[in-house]
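Next up: the structures, one after another.
Consider the two complexes below, in which chain A is the common component and chain B and chain C are the respective partners.
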Partner chain A sequence: MIQSIVLSGVAIGSIYALIGITYNVMFSASRVFSFTAGTLGMIGGVLGSLFIARMGMPVAAGLLLALVGGAVLGIVTEIVAVRPVLRSLDQHLYVLSTLALALMVQQFVAIEWGTDARPFPRLLPTARTDFDQQFWLPMLACIVVIVGLELLYRYTLVGRAFLAIAEDNFAARALGLPERGLRIASFALAGAIGTLAGFAGGELLLAFFGNAPMLTFYGFIPVALGGMGNNRGAVVAGLLLGLFQQTANFLIGGIFASVAVFTVFILVLLMRPEGLAGVTAQRRV
Partner chain B sequence: MDTQAAQLRSSRAGASGLGATGGVLPFLALLAVGAALPLFVGGYWGLIATRACIYWVLVSGLNLVVGFAGQIAIGWVALLALGAYTASVLTAGTAVPELSPYLALVIAAAVGAVFGLIVGLPALRLRTFYFAITTLGFATIVNQVALAWQSVTGGGVGVAGPIFPDPFSSKWGFYYFCFGLAAICTWMTANIAASRFGRALTAIRDAEVAAEACGIAKPALLTAVFLFSGAVAGIAGALFASLQSYITPDAFPLDLSILFFIAVLIGGRGSILGPLLGTILLTALPEFAAPLVAWSTFLYAVLLLVIVLAIPGGIAEILDFKNRRPLESHRAIVPQPDLLPGLIGTPTDGGALTLEQVALSFGGVQAIDGLDLEIRPGQVHGLIGPNGSGKTTTLNVISGYYLQQRGAVRLNGTVLRALARNRRAHMRIARTFQTPRIVGSASVLQNVMIGGTIDGKGTFVESLLSLPRHHRDEVMLHDTATLALAAVGLERLGGVRADRLQHSELRFIEIARALMLRPAYLLLDEPAAGLSAEEIKRLGALLVAIAQAGTGVLVVEHHPDLIFDICHHVTVLNLGKKLAAGTPTEIRSHPEVVNAYLGG
Partner chain C sequence: MSLTRRQALASAGVAVVASSLAKPAIAANEPIRVGYLPALTGPSSSTGIGITRGTELAVAEINAAGGIDGRPLELITRDTQSDPTKAVNAAAELVNQQQVKVVLGPLNSGESLAAVPMLARSKTLQVHPCWVDSLTDPAKYPMCFRNAPTNQQIGGAANGYVVDVLKHKKVAVISDTTGYGTASVNAYVPMLKTKGAEVVYQGNVDAANPDLKPELLRMQSAGAEAIMPWSVNAGFLSRIINTRGDMGWDVPIVGQTTLGSGQTKDLLEKPEYWAKVYPNNFRPVCYAPGGKLPERTAAFLDRLKSAKIDLSDTLLWWIALGYDSPRMIAEAMKAVGPEPDKIVGYLNKLKGFPGVYGDISFTPEQHNGYPDGEVVMVEANSLKDGAFNLAPGYST
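After this line comes the complex of A and B, so read on.
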């Protein structure tokens, strides 16, 4: 029993962590939290099911196309919902514009794909075991993304430029960094990561339009608790969230488990609004 | 002086709450159309109209949360569901003994109020996106609980809604019941909008720091708003359940929440009429074309995006004809200092505002380093120094935005509590800001009235019901604000939207707002920045007159001429330390000051 709680907890937690990283990558480039983070995860599942199960593509091609689709959606987010409101960041219009875009995508999927949860194909032709691909694929995706981002940030020029923008946007621009180009690239990257989360977790979450608000909410918890823009914090908090949720699921039943998660989330946030790892910044007057 | 003041206390504009939000006529027209509706349309449209009324009962309360207080609450459907299930379960007689539908309606309102508070209170600590996400999470969870708690809610099978007895059991009878409640909600929220509470909410939304400096207590105000908003949402839920006659968790999709939220934004923030029209529009829209029904939420989302990107003011801004008239282009600000004694009242005797050895550093930067300062009533005290010398930081320590690491700030010998910003206003310490912080969408007069919020006597409920004390408060605030505007020389612009004014005029609005507190001490952060030479001269005369009326004035400035002209005492800061202090004549010839700051 404990084994299955841990397995599914870590698997679900990996998906939450990946959505958290999606939030973070967009936030670092633009100081904007986007409601489309969970939508990207949902799209990953739907596109995967569409390309592989319905259209019969090979898994690799389906994955590639899904990632491209996510990257395109990321870029669209930047152009439609983020760039126009960046000038007045203090008015927080991005909350509304990204919400509008997320809803549009979600509704489009609901109408064109249907409102029922559809099955996601098994990606590898192996028999079901206890340590099944539906559990280890999300974990693998999470590891790949973390390692990939770390390599990107450490060893490539583009990665360092990302860090520079995240650290101090104005200074980075003054140094001549192509801020807009880097922002678009970040949103494309975030789009691919979010889609990968939904794709790798497809067997667990299915191809379902309702995953969008669910992932938007549960994926934000790692960000809020791990600290804004802090990917390591997001991974730790995401895994803890997955384990906590699955344990509560087992102990008190599914529905009241989500009540428990929500309550704990609110209480922790109220006690430490800056996140468990964050520091308070004094407001400028 | 008294005659002048009396002349200014002219008749009050916009006596009723509805009048203050864009004229009472559109509301009367809607009332007439709504009351006569059964004469024009058939039963199906009666159903749509009933639904619009029910939605508006909820949206009217949400409007105070989203449109006025600026809190992004997107999960309000959860409260509709709670009210609906409460009323249904109480009248169904399955889980508990059967109750009268009216009693169930009242209990649904109470449950809604309690949960409105629970969902809303995180807003005190969490901002924007965080708060939006918590309301979204709450909505998801209420739906899941409704599905799972089968013994009470009937789970996926559902439960029958309450049926109201005659005369409200017929279709049109129930319509009039909902219509009446919707009209009452319109009236109540319009009363709040036109009260000091409504203005305080917009101040929290657009200029939170200034709201704190005016003594507005955000927790108490938001608590009242969330209770009210939750209660009307609970009532709306009970009515909704009755209209549906049978409810399942599927009756409360997140789409509905989005409809409520978007109705407010399409209507325009800070308006009552706009969101009312928005609600009617969104409820009726899918009925005009059958194929639209499936796409309705998609279209709402598109509308939201268009509104946010193209017309952030919503319908209300489109309907605001008054503020399209061009303003007079050559406007002079002519203060009338002789009005000040009547405004500020009796001078305080003795005492002083003192800083003792105050020190504060940000990381490695020592912003203030052991500063002593004494501000006396009736005197103008100048604080000058190069950029980064700690002037504004000093002001922020006095008004409670920063917490000093050493030393104390005392008022008449009593230590001022650190970080209790809104308590400063109760001690009659007022301030202005380096960048004027005003509510752009409110009129100039309303902005000034915000400064007097703490002097109102009536409660939130009294304003809601438009009781006598509410009217006395409004008359008092209106008259004082008119006087304050005249004193700073802006009385002719009282009715204009504040964001249409020039920068220099905004500075004088801030001073008028600060004067509403009848300040014992007035702290000004670079009041002359961006003013013309002529305006600086008038500002100087105004500040001298304010001091003569008994107020202690502290001016942080970069214009040496102004400082030397009006100050009784000048302190020069450099790198957080006092470089020199004394009378303007002493400072002007102080060798180190000339060296470091003034230039020789």
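After this line comes the complex of A and C, so read on.
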């Protein structure tokens, strides 16, 4: 039982963490919580299944095309649902615009792809084992993304520019940084990360249009618990969420497992509104 | 040439007589319009497309044989897009704009729940195949008839198979969290208990939950001898089958028809995991233990093949059901004419209409026409030409 809890919990938690990072990357560049994050995860599974299982492409080509598709959707999100509402961030119109876009994409997938879950191909030709690829692939994807983002942010000029925009948008623009271009690049990067989450977790989640709302909600919890914009917090909170959810599945089961997850989520936020790893914002008065 | 008043009156008189003589000739050939509400797109479209193949074949055959006393049937089809709102709007359009007096469909319960009261208010004769029990009620909807089983019959057949045929007394009942799933569990668990079974596990689980092992371990530790899942979600059902296979747990899975669908099959980790999975189906469209279809169904299958109707992506019972509905209405119209009130009177006394899908009977008090004994369980892994083998334990 413990082996099942840990394997499934960490695997699912890795997917949640990646969706949380997707939220964060978009948030850092725009101060917008884009609720297309879960849709990007769903698209990763659908595109992977489409390219590899249905069209017979090699896994590497399928992965690359899926990531490109996710990046394009990220850019479309920025242009269609984020840019028009940036001037009125305080009215939180982005909640409506990004949710509307997410629903449109989800319905499009339902119509074109179908509403039944479809198989996601086995990515590596190995026999099924207890520590199967369906469990370790999401974990590997999570590690790759964390390390990749750390390297990007610490050691590249573009990464530092991302951080500058995230830190102080106005100051960064005053210094001549191309804020719009960097924002588009951030959304493309977020699109690719979200798609990777769905692709790596495809064998667990299947290619199913209904994964979008599930990932949107469960992917948001690591962000809220880990602190908004805090990727390390999102990873820790995502893994804890996966483990807690799986433990609740074993100990409580059924619909009450979800109730337990959301109860703990609300309790944690009541005790630490800034999130487990967040810092209380201070402003000069 | 000038026209006198007498000539003008005579001409007018001739014209009136001529037009009044011509009228019956036109009416005799005028098509009888029948509304049809399938879901041809959207989530429920696989059922709708299958049923429509049968319906269109039946209408073509009826018209080729001379129609109803020389009048062809004209099917006025509106795609409901699997959306109850669009279904009820389409039903209103058929009744108000197209002036149809008879409607076949909608073909799924969600749409019918919206459309049945509206069609009843407009005094339109309706025949639908939807399973939700409340969708017929001779007192509330006296012109609405069901030529398919109810949910009670579906659950009763599955429960009967587990308890009476397989002789299992400890049962696990699981569903997803949809309205259909939870309603099914709530309805079928008391029925199982009445039959003397012990429900050792009962649960509703989110269909998107990727890991159902905790639920199956709970069933196993409770001593379940059979799993009864109620869901139309192929992903959810395949996870139950796959988890049972991975656990090496040799209990039968007995339940909803989707257990035997191609979508469920596509999601199985190993083909052998589909063994000992028994979904609902209907005896007249199943292979008997000798591997033969009933004579009426075998002849129908030959007709389908000669009409080049594709069976590879659909189920025989969907096509048979679609084929029977217009034939039943046509038989009533031939007997009593096309007026809806007279057809209702005819259907209220219908006894054993010989459908391919099943023999249909109604009474003024009972508008559920499908016989209990024809709802059976089948072997999921035996699909051939859209039909399944009867599950082990049924006699011929």
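By definition in this document, the second predicted complex is superposed on the first by the 280 of 285 C-alpha atoms of A that agree within 3 Å, B and C clash if a C-alpha of one lies under 4 Å from a C-alpha of the other, contacts with A are read in each partner's own complex, and residues count from 1 in each chain.
Here, a residue touches a chain if its C-beta (ideal position, glycine included) is under 8 Å from a C-beta of that chain, and two chains touch if they have at least 3 such contacts.
Note that the coordinates shown come from a computational prediction; the quantities given were computed from them, not determined experimentally.
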item	value
Joint occupancy of chain A by chain B and chain C, clash or fit	clash
First, second, both or neither for A:75, with chain B first and chain C second	neither
Touching partner for A:108 - first (chain B), second (chain C), both, neither	first
Of chain C and chain B, partner touching more chain A residues	B
Partner chain in contact with A:273 - chain B first, chain C second, else both or neither	first
Partner chain(s) touched by A:264 [first = chain B, second = chain C, both, neither]	neither
Which of chain B and chain C A:216 touches, first, second, both or neither	first
Contacts of A:84 with chain B and chain C, given as first, second, both or neither	first
Partner chain(s) touched by A:208 [first = chain B, second = chain C, both, neither]	second
Touched partner set for A:99, first chain B, second chain C, both or neither	first
Contacts of A:118 with chain B and chain C, given as first, second, both or neither	second
Chain C collision site on chain B, chosen from 4-12, 22-30, 148-156 or 346-354, when both complexes are overlaid on chain A	148-156
On chain A, positions contacted by chain B and by chain C	111, 214, 253-255, 258
Chain C - residues contacting chain A, complex	41-43, 177, 203-211, 213-215, 217-218, 233-236, 238, 246, 263, 266-267, 269
Residues of chain B that touch chain A when the two form their complex	72, 74, 122, 125-126, 128-130, 132-134, 136-138, 140-141, 144-145, 147-149, 209, 254, 258, 265, 294-295, 297-298, 300-302, 304-305, 308-309, 312, 362, 392, 396, 401-402, 433
In the complex, chain A residues that touch chain C	1, 4, 8, 12, 110-111, 114-119, 128, 201, 204-206, 208, 210-211, 214, 246, 249-250, 253-255, 258
Chain B-touching residues of chain A, taken from the complex the two chains share	33, 80-81, 84-85, 91-93, 95-97, 99-101, 103-104, 107-108, 111, 213-214, 216-217, 220, 224, 253-256, 258-259, 262, 265-266, 269-270, 273, 282-283, 285
